[in-house]
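What follows is a set of structures for review.
Same chain, two partners: chain A is paired with chain B first, then with chain C.
And now, the complex of A and B:
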């Protein structure tokens, strides 16, 4: 006989027993031990029929295939570049996924990516041992040349992007900054220094207030107040590719 | 890692500094807000936790009885040691104190020592035999730049907070029965580090700014505007005009910071 010990949308902590019995199934953020379902991360529990998962509230970024990330080169190896991306695991860009250019045998790899360079990349594979492969070859993937990066809470990234990129494109239109949000919680910005700061403040506001309803309106009000002008309507500039449709909305 | 291009690089910082809007919205000569909490440690004779933006430092002053240096038989001693622990920042690795930690402790030490803020003759218990030794520990627990200035203010706060332990009949420290005597401070030497990126001079760098500075100079200033110690760092230099500007900026900023230690 199975028994559920939590309620929908309850905040759970690691080690907490969520359900007893074999009728329930573990998913993201939960695991089975003997006949119990136990939480492995701090999060909000979601009961989806028989499946129990938790949407994390805190924690580092865990790499997932096809995520668009912002990373930094930390080492040059014989087979490519070692990169870090705000995660417990480092990744590798194999030489073939580094650039469209032809790289001759024995070439100086720092000509393409040097230590300390930032890039927008895609995670191509995550192995069972958490070996991460990253590619910088493809549409919307490139080396970053200017601007600044800020770190945000990985679990708030979907809220910063908004539905179909609505939130980030609003910030872009209001401030005129170029913004790329990586799924790994790194955000890249480039614009007028004063506008960049407003964009950073807006992102921090989203991070802090994402759980309170009416977020979009408040961010809109904030941006209009700070920039001193209404947010212009959609125009094509900068509203390109990089907003990924997030999954697991809160 | 210092890079000229790319995100968070010197080039992009210069544009921000030229517009006088830094990454955290401050102007070039604006210090972050400082909060000081006294008496954070039960075991130290004096302690303070200082918070400035995201930089947090715990400072502790401990008093012990020791023998004086042979060439200065009637003077007590002051020692400042700083430690950079991996808890403070990702870039810091554990191990023996590195060049940064040694520089921080030396500069803070020099500021307090050379200002004559503490009358070391008053620390003498019996000439040539026993003197009080003040050791100040500066431990950043969160490193977001400017450890020297903030650590020095914290060190001064910890010394200000310190109470002498009692003395036994054999002239050893009695930590169980504290006296009510405080360390007498004649001056408050507050150092201000003026940094340069490109042609822009600014104070109170964050970690990102600190990673990209081309030159810096730490100027310790007394409450009356007198300069008591200097330390130059960074790979490059200052022009004469820049130095004059840096001194003006440091004196002005230091006097604004004096209010935190009143």
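And now, the complex of A and C:
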């Protein structure tokens, strides 16, 4: 007879036995050993009918196809741009995915992206050896000018974005900043310096307090106190070009 | 000669008091603190990250690199010279091999996971404490692992088998001592570290390994509790 030893959304750690018996199936972050399902990384257990998996709570960002990321150009090659994005692996923007502009043969590629430029891109492909292709061509993908980027915990990105982008759009409305959150744990902000600072503080607060219930209310309170005015209900003019990102679960 | 009562008064199968904590260092990707008796180990994990120099990278799987370091005034004996020495290099190597079978490196080709084990205070069993701390730190860094890797020293003082020898018990007066550090993977029972100082026969060794297995199950539980404590609360949804 199969027996489940954990509850939904319980913290699991490597080596912990999650279930006994052949009726349950292992998925991400778990494996089967004889009759047992055992956790293989720190995470939150999710029970999907018979399938047991865990959402990681720690770890570096590993590139995944179709993730929206914020990255930085670190080198210019003959076939495109080498980029880094807060991950153990670097990526490549091929010339054809760099810009909508026509790039003539032998052109100076630094005219389009120079070393040190930041961008919002989409991961188009990840190979078995973790060679990463990035595209900056498409809706909501662009080169970043001005503003600042901050690093946040990759595993807290879904909390910063919130359900259907609710959290980040609240910060946007309150501070009037443009904000883009990359799945890789880099956040880009642009606005009035004082407001930018408040937005960064709010993001840090989300990161630190994401485990305490009632986060949305507390962040709302914090923003209202810092900006000294209630948060506008409707989207401000800055809110149109950002793409709403889905909650990043594996 | 019989060794009836232990110097510090604990039972023969009893380890020294253990304190384990996860996530104690801010700048590391994963970190842990492991205290057993008077031996204290800190472990910091950095990575997976790009391997430099590049020629050391393995295109098939990630590389685990462990560094064990005992601080100059950590031991009960003489000050030891800081920096790597023959002993530290050996222990770095065996610690690496003790952790390797538990860690899944297939996901990180061309990368390295660096583990730094620092011992600010030692009283025997430092390599075991280091391995215990390192495995908590690896899990804390979000690395996929088959299981935690607990480690403990077992041995004989005189004719008495004991668990977790202290510094005094390693050199008892008027008696022979045997010191066997053991690390294992609890879920498979695979032994990943087995060294020996002293002389025992096969039967005695088996007795020791049985004792080590029981002690390791207890330690593994402490390691998991340390991790759970750190991440407690992270599970709650809005």
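Assume the second predicted complex is superposed on the first by the 211 of 250 C-alpha atoms of A that agree within 3 Å, B and C clash if a C-alpha of one lies under 4 Å from a C-alpha of the other, contacts with A are read in each partner's own complex, and residues count from 1 in each chain.
Assume contacts are C-beta pairs under 8 Å (C-beta built on N, C-alpha and C of every residue); 3 or more make two chains touch, one makes a residue touch a chain.
For clarity, every value in this text was computed on a predicted model and none was experimentally measured.
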Which of chain B and chain C A:58 touches, first, second, both or neither: second
Partner chain in contact with A:88 - chain B first, chain C second, else both or neither: second
Partner chain(s) touched by A:184 [first = chain B, second = chain C, both, neither]: neither
Contact breadth on chain A, by residue count: chain C or chain B: C
Touched partner set for A:30, first chain B, second chain C, both or neither: neither
Partner chain in contact with A:210 - chain B first, chain C second, else both or neither: second
Chain B versus chain C as contact partner of A:42, first or second or both or neither: second
Touching partner for A:11 - first (chain B), second (chain C), both, neither: second
Which superposed partner A:144 touches (first chain B, second chain C, both, neither): first
Chain B and chain C footprints on chain A, overlapping residues: none
Partner chain A, residues of chain B touching it in the complex: 1, 3, 5-9, 11-12, 15-16, 19, 21, 23-25, 208
Chain A to chain C touching residues, read off their complex: 9-11, 13-16, 29, 31, 33, 36, 38, 40-42, 44, 56-60, 62, 88-90, 129-130, 155, 163, 210-216
In the complex, chain C residues that touch chain A: 29-30, 47-50, 59, 102, 104, 107-111, 139-148, 186-188, 220, 224, 227-228, 231-238
For the chain A and chain B complex, residues of the former touching the latter: 114-118, 144-149, 188, 190, 192-194, 196-197, 200-201
